[in-house]
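Shared chain: chain A. Partners: chain B in the first complex, chain C in the second.
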Partner chain A sequence: MLKFEVVIVGAGPAGLAAAYTLAKAGVEVAVFERGDHPGAKNLMGGVLYRQPTEEVLPGFYREAPLERPVVEQRLWILTEDDALTLGYRSRAFAGEPYNAFTVFRSRFDRWFGQKVVEAGALLITETVVEDLLWENGRVVGVRTGRPQGDVRAEAVILAEGVNSLLTQKAGLKKGGLQTHELAVAVKEVLALPKEKIEDRFGLEEGQGCTIELLGEATLGMMGVGFIYTNKDTLSVGVGVLLSHLVRRRLNPNDVLEHLKNHPSVRKFLAGAQPKEYLAHLIPEGGFRSIPKLYGPGLLVAGDAAMLVNGIHREGSNLALISGKLAAETLLEVRTRGGYHEKNLSRYREKLEKSFVLQDLRKYQNTSLFFNENPQFFTLYPRLLSLAAREFLTVDSVPKREKQRKIWQIITSHRSRWKLAQDLFRLWRVLG
Partner chain B sequence: MRLEDKLYLNRYQPDKHPHLRIKDREVCRHCDGRPCTYICPARVYTWNEKEERIETAYEGCLECGTCRYGCAHDNIDWRYPRGGFGIMHKYG
Partner chain C sequence: MHFVVCVKQVPDTTEVRVDPVTKTLVREGVPSIINPYDAHAVEEAVRLKERYGGKVTAISMGPPQAEEVLRRALAIGADRAILLTDRTFAGSDTLATSYILAQAIRRLDREEPVTLVLCGKQAIDGDTGQVGPGIATRLGFTPLTYVLAVEEIDIEAGEIKVQRKLEDARQVVCGKLPALLTVVKEINELRYAALPDLVRAARTRPERWTAADLEVDPGRTGLKGSPTSVRRIFAPPQRPGGEMIPGGTEDPARAASLLVDKLLKTKLIADL
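Let's turn to the complex of A and B:
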């Protein structure tokens, strides 16, 4: 039977970060990936953050396949007819050390996989891990879908992604995943010549921007739409909470088409040629959804551990850092008593000390809060837009009267008391 | 653009073995709303009125898992396609 010191399930950012860290330290490590190369099954909107990626791969941006550095982030709050927009652009983001890049996972992870192999790990593709092997109450390996496919290991890192079948089967995520803990995201890649991208989005050559869209973008469901600029393509997508989608009886592709046809959106996409249409779940349950992160001979990292900060559009960085910390935990304990459960609990401590669990703890009530307060995705975008329209319409009405009118519009939809309550609660969960 | 045409843009390595299976067809007959028929981004599931059964066009599956969690009756036996089969992301 094949034997490794560590087996990693899944060649995404978490699994590859763990494998890279372990292989660099000389540990015999194998990564199992069900696709025909790392990235073949991976998907994200497309923003990769430079600093956390460098924690694992120093200087990666000089050689990795990237699309564009993000120099501007925009937020559009949509109603049916209009858009209230907000943004921040900085020259500081346009050059080294950079803040973020748009990327395609299929290309980036393939490159990352090569780095992992160069570092000395064994990468086994086209192989589904179907089960964990247990002996005397501890994990001793994995069962793959190949004939005679059992593989022994002293420790296993589950970096299997949001569809965490093994994590659930191992009893680490009690009750499985619920529809209010998951968002369904669909994304289209649309080809557009790079000059057109730069003209339409107001970008210097080679630079990129991101647009997040709220409100009507998700038909008022909890979620967000996005448009990201790549070299010669656009990534356009929408992610909505699965519980809201079920309740509204909507199809994710119809929500995406609705967004693409919005009067403020469609001219940016005009003439662009569709190249690919993909879908993925996003763990949105936050801190309260995190499974038990360790067991005897077992660690969980990345999306499988529900490590996503939806408020700040962060996920791949939490995956990379959790993968790295999982590997560092194994490196620490292998010479000090081995991979038993008590030793591996240090992984949780490391995550607690890092931004990963500090941030998720900070926002632990947001997902429940927004689920129970849909007005932030329905009523408030509408009120903001009504207020802006009234304020900007020049019609010889004295400004004081205008202000009164705006206030009247707002309070006719939501009482002063409710407004104050909403604001206070919003500040409590986000502040 | 129609959904079928969008799926046609994708690259698949089709498997003869379906990786999605309805556990108990009787459950679907009484299911309220049949969420699988609308929540799936690839519209893999359709209700065949005549035969009173869910048809599963697993070949177009995007492997997201939405149906697995969206089915209120946990009635979909959801597995990953065998290694190397299924969707192959060009961009991702």
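Let's turn to the complex of A and C:
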């Protein structure tokens, strides 16, 4: 039977970061990926963050296939007719060392896969890992779907992404995945010439921006719409909590169509030709939905471990860092008595010390909070835009009176007491 | 028996776009794959090896990245893989390419006589279908194109019997060995490779032969050896949409006479 020291399931950022770290340290490691190349199955929006990526791949941006450096992030709060917009642009983001890039994961992951192979790991694509092999209560390898497909390993890292069948099968995620822990994201890639993109979004040549859209963008459901600028395409999509879609009996595709036709969005997309359409899940359950992260001979990283910070649209960076920390845990314990469960619990400690679990802990109540307080996606965007409209309409009404009127509008929709409560709670879960 | 398969790395044409402004193919960032017909050629060679015994050697001319398609051939079951790569090969057209491949096959033949060369019927990027027959001509091998099935190889008689795919028929032909086949997809179903084969392929670094190893005449390779020049690549003009004649259900007689008027104008029919 084939044998490796470490087997990794999944060649997304988590699995590749783990493989790269292990291979560089001389460990015999094999990565199994079901797609025909790394990233083939991925559709991340996608913004890739420079600093965490460099933790694994120093200087990657000099050779990796990237779309545009993100120099501006915008937030649009939509109602049916209006858009309240907010943004931050910095010249510091336009040059080295950069902050973030838009990417196509199918290209980036493929490149990353090559780096992993150059580092000495074996990357086996078009091969599904169907099961873990157990002996005497510990994991001793994996079973792939290929003829003669069993492989022995001393340790296995599950980096299988959000649809974490093996993690669940191993009993690490009790109760399976729930609809309130998952968002459905749909995304379209629309082709538009470079110059048009730069013109419409007010960008200098080669630079990029991101727009996140709230409120009416998701028909008031918990979630977010997005528009990202690539080289000669736009990525446009929405991500909405699955439980909300189910409750409202809506199809995510209709939500996206609705967003694309919003009066403030439409003109940015006019004439762009659809190139591809994709749908995917995002784990949005946060801290409370994190499975047990280790077992005997077993570690879980990335989306499989539900390590996504939905509030900040961060996922790939948590995947990269958790993959790296999983690998470093293995490197530490391999000389100290091996890959048994107690030793592997150090992985959790490492994650606790890093931003990964600190951030997720900080926001641990947000999913539940927004799930139970839909007014933040429905009422408040409307109130905000009513207030803005009132304030900006020049009609010879004295400003003081305008302010009074705005306050009246607001309190007629939500009592002062409730407002105070909402603000206080929002501060508590986000602050 | 010694089977040699020629494989080519091609851009995945399902992902190639035509630039709306320059009207040229946008190849940037387009992933490369093994030319689909060549994958079937490798599969057939491996099946013939399994049937008659022998050895399968896969060769590819291309840049260093073309190693990937040779790994693919190894995973299907090729025993040996050789990349023909040299800066001076860049820009080779079908004439130069068939020359380089033929030189490599000559060398392989000296090491171990070649029974059969297999190629795909054409490459999906250039669609010329010339390289296979070109190699056969240079080597003096029997060219058998559009092969759909290999019925029999009779090594004693030095003969091969194949079925060729014609427009609306099959043709059974016998030819003298050594021969060169170009195959169509229907010749076989690609196997789902066993894991140990995949691992062996991933671990193997294909051998590399350069111009010096092949004893090629530098005037006959690369741009210098390529009389073909591509003038222009363009997307075929979109066919104009048809015209609907309205009112067919409400007033069929009127719609019909409208149609007749239109057809008369186009001179497709005549009013005699």
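Everything below uses one rule, namely that the second predicted complex is superposed on the first by the 431 of 431 C-alpha atoms of A that agree within 3 Å, B and C clash if a C-alpha of one lies under 4 Å from a C-alpha of the other, contacts with A are read in each partner's own complex, and residues count from 1 in each chain.
Here is the rule we use: contacts are C-beta pairs under 8 Å (C-beta built on N, C-alpha and C of every residue); 3 or more make two chains touch, one makes a residue touch a chain.
This one's a predicted model, so the numbers in the text were calculated from it and none came from an experiment.
In the superposition on chain A, A:R107 makes contact with both chain B and chain C. When the two complexes are overlaid on their common chain A, residue A:A18 makes contact with neither chain B nor chain C. Applying the stated contact rule after C-alpha superposition, one finds that A:V184 touches chain B and leaves chain C untouched. Using the contact criterion defined above for the overlaid structures, shared-chain residue A:P65 touches chain C, although it does not reach chain B. In the superposition on chain A, A:L320 contacts neither chain B nor chain C.
Contacts of A:P147 after superposition: chain C is touched, whereas chain B is not reached.
In the superposed model, A:A94 lies in contact with neither chain B nor chain C. Judged by the touch definition given at the top, the superposed model places A:K41 against chain B, while chain C stays out of reach.
Among chain B and chain C, the chain that touches a larger number of residues in chain A is B. Of the two partner chains placed by the overlay, only chain C lies in contact with A:L122; chain B stays clear of it.
Residue overlap on chain A between its contacts with chain B in one complex and with chain C in the other: 104, 107, 127, 144, 146, 275. Chain contact summary for the complex, chain A toward chain C: residues 2, 30, 37, 65, 104, 107, 110, 117, 122-124, 127, 144, 146-149, 151, 191, 193, 275.
Those residues of chain C that touch chain A in the shared complex are 17, 20-21, 29, 31, 192-196, 198-199, 202-203.
By the touch criterion given at the top, residues 34-36, 39-44, 104-107, 109, 125-128, 144-146, 162-163, 165, 176-179, 182, 184, 186, 188-189, 233, 235, 242, 245-246, 249-253, 257, 274-281 of chain A touch chain B in their complex.
Per the touch definition, chain B reaches chain A in the complex via residues 1, 3, 6-7, 9-10, 13, 33, 35, 38-43, 62-66, 68-70, 72, 80-84, 86-92.
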